[in-house]
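Note that subunit A is present in both complexes that follow, paired respectively with subunit B and with subunit C.
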Partner chain A sequence: MKVLTLNFLTCAVKACKSTSTSFPLHPKDCEMVSDTIEPNPKLLYNILPRVNWTALLTTVAELGFPELPPNPPTIEELQADEKMTQELHTLLLETQISEGCLVCGNCGHAYAIKEGIANFLLPNHLV
Partner chain B sequence: MLPTPSTDHVNFERIYEPAEDSYLLLDTLSSESEKGFLHERFDATEDARGNSPSPLVLEIGTGSGVVISFLHANSEVIFGRADVLTAGLDINSYACEATEKTVDVAEKIQAQDGKSHGFYLGNTLGDLCSALRPGMVDVLIFNPPYVPTPSLPVLPNFEQRAGELSYEDESHLLALSYAGGADGMETTDRLLDALPEVLGDDRGCAYVLLCAQNKPEKVKERIRKWGSGWHVETVGTSGKKGGWEKLQIIRIWRSIPHNTNNEEP
Partner chain C sequence: MSRPEDTLPPDLHYNDSEAKKYTTSSRIQNIQAQMTNRALELLKLKEPSLILDVGCGSGLSGEILSSVDPQEGGPHIWVGMDISASMLDVALQRDIEGDLMLADIGQGVPFRAGSFDAAISISAIQWLCNADSNDVSSTGRLSRFFNGLYASLKRGGKAVCQFYPKNEQQRTMISGAAIKAGFGAGILEDDPGTKNGKLYLVLEVGGDGGDITGVVKGLDGVDVVDARRKHAEKGRKIHKGSKAWIMGKKEQMERKGKVVKNNSKYTGRKRKITF
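Take a look at the complex of A and B:
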């Protein structure tokens, strides 16, 4: 699963949904792989307005990626900053989480990721 | 006609094999009228800041992956743009694996031909929309388990075993792909209930397949009661039988708030 997926997911436990701590889920013990993807600035620019930047900052810190600016860059800023464009390209387009888990900050449940597929099926006592 | 993605690598003893319902989705989503609707709705023209947010296209219940890989590979033709985020979800872990492969194969063929494709986020294992953040999905597609059955199969345990499956395990996974409980609607009803929350406020829309036994007119009536701004329409049909359409695809959508002049009242 691409790192960007974390921006669209939350804890599957009903009671957690309304809490602010259930998003983003926290990656733990994650192994990553990287695909090689041709530079695609248009895709990058059009993904950015969809990204919850605050959540992305948390994810980036937890995965140990280079720090991002506190606010999302504008297109002009990106066009002028090759290094940041490259970093965002690597992070958002190329990086996949292949193994590990995603932990809910509210209930503490850990969703396992195996061979790149996260398992959001709940054990019976959490349904 | 756009090519149908290859699913040669898929084990149909544990994963739903593409059938008339799957192909009706492909035909409907690539029809002139739906292309027109999607092109207009996801118009790639940039705003003053140079942005045109990429739509997120999610298929629930991907099975072999034939539908999502079709949308992924042909995103430029269908949505009018290649910067589309695609993703899938299924309750069957083998279906998730198979879908990732199907998308990969379809993507490579596009690349070989020098053609564009979307940006695939991956598949996740889960129950319908339970792990989705509200308001994120722009286009949701669901070909549900729609056959009326006395009861719904139990949902799989959270720890799915790897490797060898018994004959019973495989039949259970296949039952999950078609058995819909009362009126064939038990799973579809849960999906419909989740839609208003899951779909994006401005551009969200969904394509859901129904069969005649699902009582499609009643389903549509119910959706119209969600309130103003919600619309539903049958946009694809197949298998006419004595005046009845056996299968149909309904499109569910919200009027775009700031752009109401091109939507019907």
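Take a look at the complex of A and C:
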């Protein structure tokens, strides 16, 4: 699962919908893999405004990656700075979680990830 | 032909052998590719986007999403949800680019608001009409799905869901649930009345103020039938004594088997005041 996808995922439990602690999900005991994906700066420009930067900072810190600037770069900055674009591409799209689990900060439910596939199936009483 | 929806729930129906059969059949591959391309045509994406694939299965449709030509606004990245572990297993073996999730769409869409540019779904949402255990209802599953989908799309985002309703009732149930969730909805029917007929539920999260019929603008050979207008007319009251009212009464009497005078251009006209 890409780090980008993790930035959009929330807890699926009904009771967690209304709380702010259910986002972002916290990765735990994760194994990471790196996949090569062709760089696509246009995609990055399109998606970046929707990425929740504070959540991304949390995720990056939890996964133990080098720190990001505290504020998201603007599109103009990205267009000028090729290195930054490449770094974000590597982080958001190429870095993937292959094994581990995602834990909700509110209810503590752990969603297992196996072979890169997160299991979001819930028992009926939780939805 | 029997419907797989009627026999088993989707996570059991698509077991290892069925998933393999589904993915290796060139006929199914062809049809899936056609439908995905049609859905992309309806989505009209102009730049590389983040797409949600609902019921992605083995990633047949996702493959097409990641291979869209840069000149046509691609390649897109996508996140797929499916309930069948076997299907996802096949997807893993086929080494596709998108992210996969094992999730039941009837339990909602676990993404934060405004995540996706668009969503597609090929032959999946009719499964929602079946409630497989007695503590869930099909209307509940449909509404959870459409509410979740509505929230996870960005403003102005579109979703195209190709589906196979069993009957008219399922069709209205699905489109009704989508409208209730707040979508602007329309159904595009390809090859209506034939065996190859395909239904596409086109949904839009209000944004640019356009009407849902604007989606098919510029497509060849599409007739727009606006059921909303018909519905509004239905509600309008017919005045007693008007021509429409008289015609209605005559029809009613005719159906009862009474002798009714023929209709002419004079039917329902006022007599001239002679004096």
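In the analysis below, the second predicted complex is superposed on the first by the 122 of 127 C-alpha atoms of A that agree within 3 Å, B and C clash if a C-alpha of one lies under 4 Å from a C-alpha of the other, contacts with A are read in each partner's own complex, and residues count from 1 in each chain.
To be clear about the criterion, a residue touches a chain if its C-beta (ideal position, glycine included) is under 8 Å from a C-beta of that chain, and two chains touch if they have at least 3 such contacts.
If you're wondering where the values come from, they're calculated on a predicted model, not measured in any experiment.
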Exercise for the section: Report for A:Lys2: first if it touches subunit B alone, second if subunit C alone, otherwise both or neither. Expected result: both
Practice task
Check whether A:Lys42 is in contact with subunit B, with subunit C, with both or with neither, and answer first, second, both or neither.
Solution key: both
Practice task
Considering only touches as defined above, state whether A:Ile75 meets subunit B (first), subunit C (second), both or neither.
Solution key: first
Handout entry: subunit B versus subunit C as contact partner of A:Gly116, first or second or both or neither
Key = both
Exercise for the section: Using the superposition on A, tell me which residues of subunit A are in contact with subunit B and, in the other complex, with subunit C. Expected result: 1-2, 4-5, 8-12, 23, 40, 42-43, 46-47, 50, 93, 96, 115-122, 124
Exercise for the section: Spell out the part of subunit A that touches subunit C in their complex, as residue ranges. Expected result: 1-2, 4-5, 8-12, 14, 23, 37-38, 40, 42-43, 46-47, 50, 52, 93, 96, 115-122, 124-125, 127
Practice task
Spell out the residues on subunit A that touch subunit B in their complex, using ranges where they run on.
Solution key: 1-2, 4-5, 7-12, 17, 23, 40, 42-43, 45-50, 74-75, 93, 96, 111, 115-124
Completion exercise
Touching subunit A in the complex, subunit C uses residues 47-50, 75-77, 79, 81, 83, 88, 92, 97, 99-104, 107-108, 110-112, 114-117, 133, 135-136, 144, 152, 154
Practice task
Provide the residue numbers of subunit B that touch subunit A in the complex, in ascending order.
Solution key: 49-54, 56, 82-83, 85, 87, 91, 93, 96-97, 100, 119-127, 130-134, 136, 155-160
